[in-house]
Amino acid sequence: MSHKARPQRSLTTEALARVEGEGAMRVEIHDGRVERVELNIYEPPRFFEAFLRGRRFSEPPDITARICGICPVAYQMSACRAVEDALGMEVSGQLRELRRLLYCGEWIESHILHIHFLHLPDFFGLDSAIELAGVNRPAVERALELKKIGNELLELIGGRAIHPINVKVGGFYKVPTRRRLLSFRPVLERARDLAAEVVALVSGLDFPDLQVEHEFVALRHPSEYAILEGRIVSDRGIDITEQEFPDHFAEHQVEHSTALHSRVRARGAYMVGPLARYSLNFDRLTPVAAQAAAEAGLGPECRNPFQSIVVRAVETLDVCEVALGIVDAYDEPDHPSVEAEVGAGVGHGATEAPRGLLYHRYQLDADGLITDAVITPPTSQNQAAVEDDLVRFVEANIAEEDDDVLRRGAEVVIRNHDPCISCATHFLDLTVVRS
Amino acid sequence: MVPIAYRVEWRRQDLPDTVTLGIAPVEAPLATPTPGQFMMVWAFGVGEVPLSVSGIGEDGRLEHTVRNVGAVTAALSRARPGEIVGVRGPYGAGWDLDRATGRDLLIVAGGLGLAPLRPAMLEALAERHRFGRMALLVGARDPQSLLYTEELEQWRGRFDIEVEVTVDAAPPSWRGDVGVVTKLLGRAPVDYAGATAIVCGPEVMMRFVAIGLTDAGVPPHEIWLSMERNMRCGIGHCGHCQLGPEFICKDGPVLSWTRMEKPMMVRER
Amino acid sequence: MTTVRSSSVKPKLAVWKFASCDGCQLTLLDCEDELLDVAGQVEIAYFLEASSATVAGPYDLSLVEGSITTPHDVERIHEVREQSKFLVTIGACATAGGIQALRNFTDVDELLSIVYATPSFLSTLDTSTPISDHVTVEFELRGCPIDRSQLLEVIGSFLAGRTPNVPAYSVCIECKRRGTTCILVANGTPCLGPVTHAGCGALCPAFDRGCYGCFGPMETPNVDSLVGALVGAGMDAGDVERVFRTFNAWSEPFRGAGVSEGDP
Amino acid sequence: MDVVLSRDGVADLVRQLRADGRRVIAPVRRDGAIRLDEVESLDELPTGWTDDQDGGSYRLHRIERPELFGSATPAMPWKRWVYPERTLLMTAERRDDGITITTPEPEAVPQAFFGIRSCDVHALSILDQVFLDPVDPTYAAMRRSTFIVAVGCARPGGTCFCASMGTGPAPTAGYDIALTEICTVERHDFYAESGSEQGAVMLGRLDGRSPTDEDRAVVSGLMTDAADQMGRRLDPTDPTAARDHYDHPRWDDVAARCLACANCTMVCPTCFCSTTEDTSDLAGVVSRRWRTWDSCFTLDFSYVGGAPARSSTRSRYRQWLLHKLVTWHDQFGTSGCVGCGRCITWCPVGIDLTVEIAAIAREPGGST
């Protein structure tokens, strides 16, 4: 793979570590110019959209959760909201709050996992969080404690952390008592304090200078830092409802990957995820999180993918605050769910998975059976942007002779984006070919 | 339900999958078992299994012959001298040799079944005068899977006991009998009607032996079998060992054919 | 199983992934209280989700997640087997083919054309099959996803040389130990608990929800008899077929479950 | 000592029991059923509710009168408060100089079973036979610390058959206090009888009046009526007749319906079988041994010599039924069944042991 002084260089990573799921990357360099970058997602196709045809309207939350074990709640929430849209149901009040609370649990768990297990070791030139524990055990112990709290929150509301069982179209099977939620308050307070420490830790890291120019796309809500719902907005003027998503965004297949690529119809590559979300919603952060962001040196906009680690930490702190607010205001609803009235219809649902916008669309027949399903996960939306970043990274480091150094760097670029491969519903190896 | 610590004093590899462990109490010993009783023997972190006592020594010392068939027996088979195992017991009803006083004594063993019979055999030989004629009939899969071969040779050398050995399959060099142990029944030089038989081996073997002995004239209440069932507690609490109305752990493991005939003739009892 | 613990060398652990959602491997990272202990007792030699560093085989304990869905998978699982002394499959994908085994009931070309514009770019098998269809497996841990304490029990028992305490009886037993009132009897809520393998601690009924079978069939599942009760609880033939056709759809007898002619 | 207590008097009984430091376990309405839980006052009992029980079905509905004990046997039996579903037997720790083994002190929180029916009181005495000889320390400690407030059953359930088992509906022994609720248009009070020294002392602390002959007549009338209203009946000659019918075709018939899910054994107040589990920490330093409820319906239960002795559902159902109704007599001199009907109600497919034993005893094909 790596040869000295050759006209053509090729660099391959067999499997990309510390991204959830697996994929491979291929970079071709000719005469000192980057010709091609391909993110080759070899996660075998699992055909979710096809399997959903003929299933009942009530099934997508359980079935689509299995697309991704890292962010099942995101799938459940987008699925529920799309089906509810199709059936004209409204899930509001405390049931909506409980959904947000459940989602907060997943954000805490997923963000802390990404920050400490996948991203942070790169900043120390280490291979894993276990190694990190060798140099900074308190940081890893803190991460584990915080992650556990996220999982406990998921278990409290959802029954279990991975593929929660308590989520249904219309709400929940069983809702917690007020007493039970309040008893969790001290734990959430602890989480908030720990999250503040995480912000402090990651804001002190050295960040390479890199600014991305992609169009940022995220949800935006009138009063909340949008997680569960909002309008789909971008920094280049998109401002649409969930229902209009298909009119503005299109997925297409590329030869080198089992993941479909998604593009803005009018322009092309775009980016979802923490950077986009933060830059579009900075003004919606809770005061505590906004303050922490300022102290961490983040402006109202953040375009450095390396700094996404700081954004995630700030977001973690934010959801702890949000969760505390929800717990304090909780009042046990009379019914754990809203009754569904079966009928034909088309529905759309978009929510903010920890990795970015996740869109579902279902078409139902009169018996409530699904006739068509579309799922657009964050990874397929970011795929083109990741490839762009990779081109720029390799170009900027073209003088680097050591393929291993280059490979590690490229992997870091990918991990900045946190592509959750398994969730590229329809879907990494690094090969650098130089000539 | 709590074991006490015994230290492994010695270990003898009897067969490729079978070892005998000599163990001694670390502190005060448990009550001395009688022949045919069993102990619950525990391996740290692995589990606990019922094991017959295959030897009863001085100062609470015990011998257990263990065949490696699963996790616990594997762990016990691995135990080296110096290691600690947990033991509780003794449990159950053993061989009632007092009952056999004045009668002929027939001892029938299949495979590992010789283990629980060994203490009875040793006791009977030590008090040989108490019994009439004595015969030991041993069946094994092949010559390589015969237990306690040295002792068998010794016993064979005695004139006050008839020792017969048969194997299911044998190389040409084997000079003994070939075939199942029931074959030996009729040959034992005892007065069947006046004999007490004590039998241990796989359940099928015991069934055929019991039937064969009855046919030969041994009264059903003089045929004693050592039964095996799953046991978690050894004291009649866990329910696992039930066979018909019997709790094998406390009513048995040694039970008469009078009580066992019915349950043993029904499949999946 | 024989113990692999010895004083000097730590046993090597590898975690492998095939077609799956990553949830089962994540379960290992979700053992927050025990993770550093695990790392202390075993050498995490291959676990891409957690570490870029890899150590060459052979491995003492391999955890395999995911099902076999591509020709390349078939080759890879044999390589994994060759390098593994003790191979444990984790989760419904690896033990039963997973949700992706729904393809086994239909025509894969059609599925491909629903999802992809140019299906010919893709290399995939017609079926999604459990690991045990391809190589010998020492132990199968069920669940979609697996249960955290059961995973720790499998690792702990492997280290101790013990048979894992992972019973194969019904969810009902766990449900009653937990003290939950049977929702099938008391509420007429359809529940697959009686035919489903224990392991989750009877989670769903505790949340007023019928078990949907995510741990797959129990040791002696009487699906036909339960189907009668499900129909009695208001399920129609379509509902019955769908409820068995999820994450363990390809395992018998869930595979053939349905309302037959003679049923009420 | 006999007294008549008002509802307030009974409420005071709960208070007094709690004042003595006892946790009071009583029926409560939760998750669509009457089940058992710790209560702080009489108000938590399900006033004005009753149950409709049938094979595989249980539904609650309201009744007109404010009866406290208007329902039949609660969903799960009382056994978990004397025989917990999971008990730590010992903790072992590996040290340099060997292994130390410690046993936990058996938990014996003083408690009261408040509102336990006669069938369930009988079930406790059956468990006593199992667990007090030889002694199980946990059971013995918890049992000793239990104060029994029994209740005569005025409304037997649809699956009850205590009358035919001779275990009810009126409590006859094994209690500290027995209550009978009298709830008519004219009156709502409780006839209370002491069955032990401590029961009499307790009644003495309560504000009650002496009973009249009329009170006695009302109570005995209630109990006679109740005995006539049993939803099920088990002919006492059936178990004996079925004794040797191991090969009856009905076993196959029931096996086709039986889910082997073990619900019947879990809800049975006398089923006592357990298994043990050894666990260890990852470092292999600490090992624990647990006892958990088990069931004869599992394959592991009879595992011996490489296979389950009872591999077919047929043989496992047969083991359960014949043990419960037949061999229990050989072992303990009583039936293992007290006629509470739980196994019928809580069987998801409604298998009814009274029907099965009758078929096996009487239908052709029994002789072997």
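In this document, chain identifiers A, B, C and D correspond to the written order of the chains, with residue numbering beginning at 1 in each.
In this text, contacts are C-beta pairs under 8 Å (C-beta built on N, C-alpha and C of every residue); 3 or more make two chains touch, one makes a residue touch a chain.
Quantities reported herein were computed from a predicted structural model and do not represent experimental measurements.
**Q** Which chain has its C-alpha centroid farthest away from the centroid of subunit A?
**A** Here the answer is chain B, farthest from subunit A.
**Q** Count the C-beta contact pairs for A-C and for B-C, then tell me which is higher.
**A** A-C
**Q** So what's the Cα centroid distance for subunit A and subunit C, whole Å?
**A** Whole-Å distance between the two chain centres: 25.
**Q** If you average the Cα atoms of subunit B and of subunit C to get two centres, how far apart are those centres in Å?
**A** Computed value for the inter-centroid distance: 43 Å.
**Q** Between subunit A and subunit B, what is the gap in Å from one C-alpha centre to the other?
**A** Whole-Å distance between the two chain centres: 65.
**Q** Quick check: how many Å separate the C-alpha centres of subunit B and subunit D?
**A** 40
**Q** Could you check subunit A for residues that touch two or more other chains and list them?
**A** In subunit A, no residue touches two or more other chains.
**Q** Among all residues of subunit B, which ones touch two or more of the remaining chains?
**A** Answer for subunit B, listing residues that touch two or more other chains: 45-47.
**Q** Got the subunit D residues that touch at least 2 other chains?
**A** Subunit D, residues with two or more chain partners: 278, 280, 284, 287, 300.
**Q** I'd like to see which chains touch which, written out pair by pair.
**A** A-C, B-C, B-D, C-D
**Q** Would you tell me which residues of subunit B are touching subunit C in their complex?
**A** My answer: residues 45-47, 70-71, 74-75, 78.
**Q** How about subunit C: which of its residues touch subunit D in the complex?
**A** 5, 34, 37-38, 40-41, 152-153, 155-157, 159-160, 162, 165, 167-170, 172-173, 176-177, 179-188, 191, 193-195, 208, 219-220, 222, 224-226, 228-229, 232
**Q** Touching subunit A in the complex: which residues of subunit C?
**A** Counting only subunit C, the residues touching subunit A are 17-27, 29-30, 32-33, 35-36, 39, 44, 48-54, 69-70, 72-73, 98-100, 102-103, 110-112, 114-118, 121-122, 124, 144-145, 200, 203-204, 206-209, 212, 214, 239, 242, 246-247.
**Q** Under the stated contact criterion, what part of subunit C meets subunit B in this complex?
**A** Within the complex, subunit C touches subunit B at residues 1-3, 160-163.
**Q** Could you list, by residue number, the parts of subunit D that touch subunit C in their complex?
**A** Contact set of subunit D toward subunit C: 30-33, 35, 56-59, 75-76, 80, 85-86, 256-263, 266-267, 277-284, 287, 292-293, 295, 297-300, 313, 345-349.
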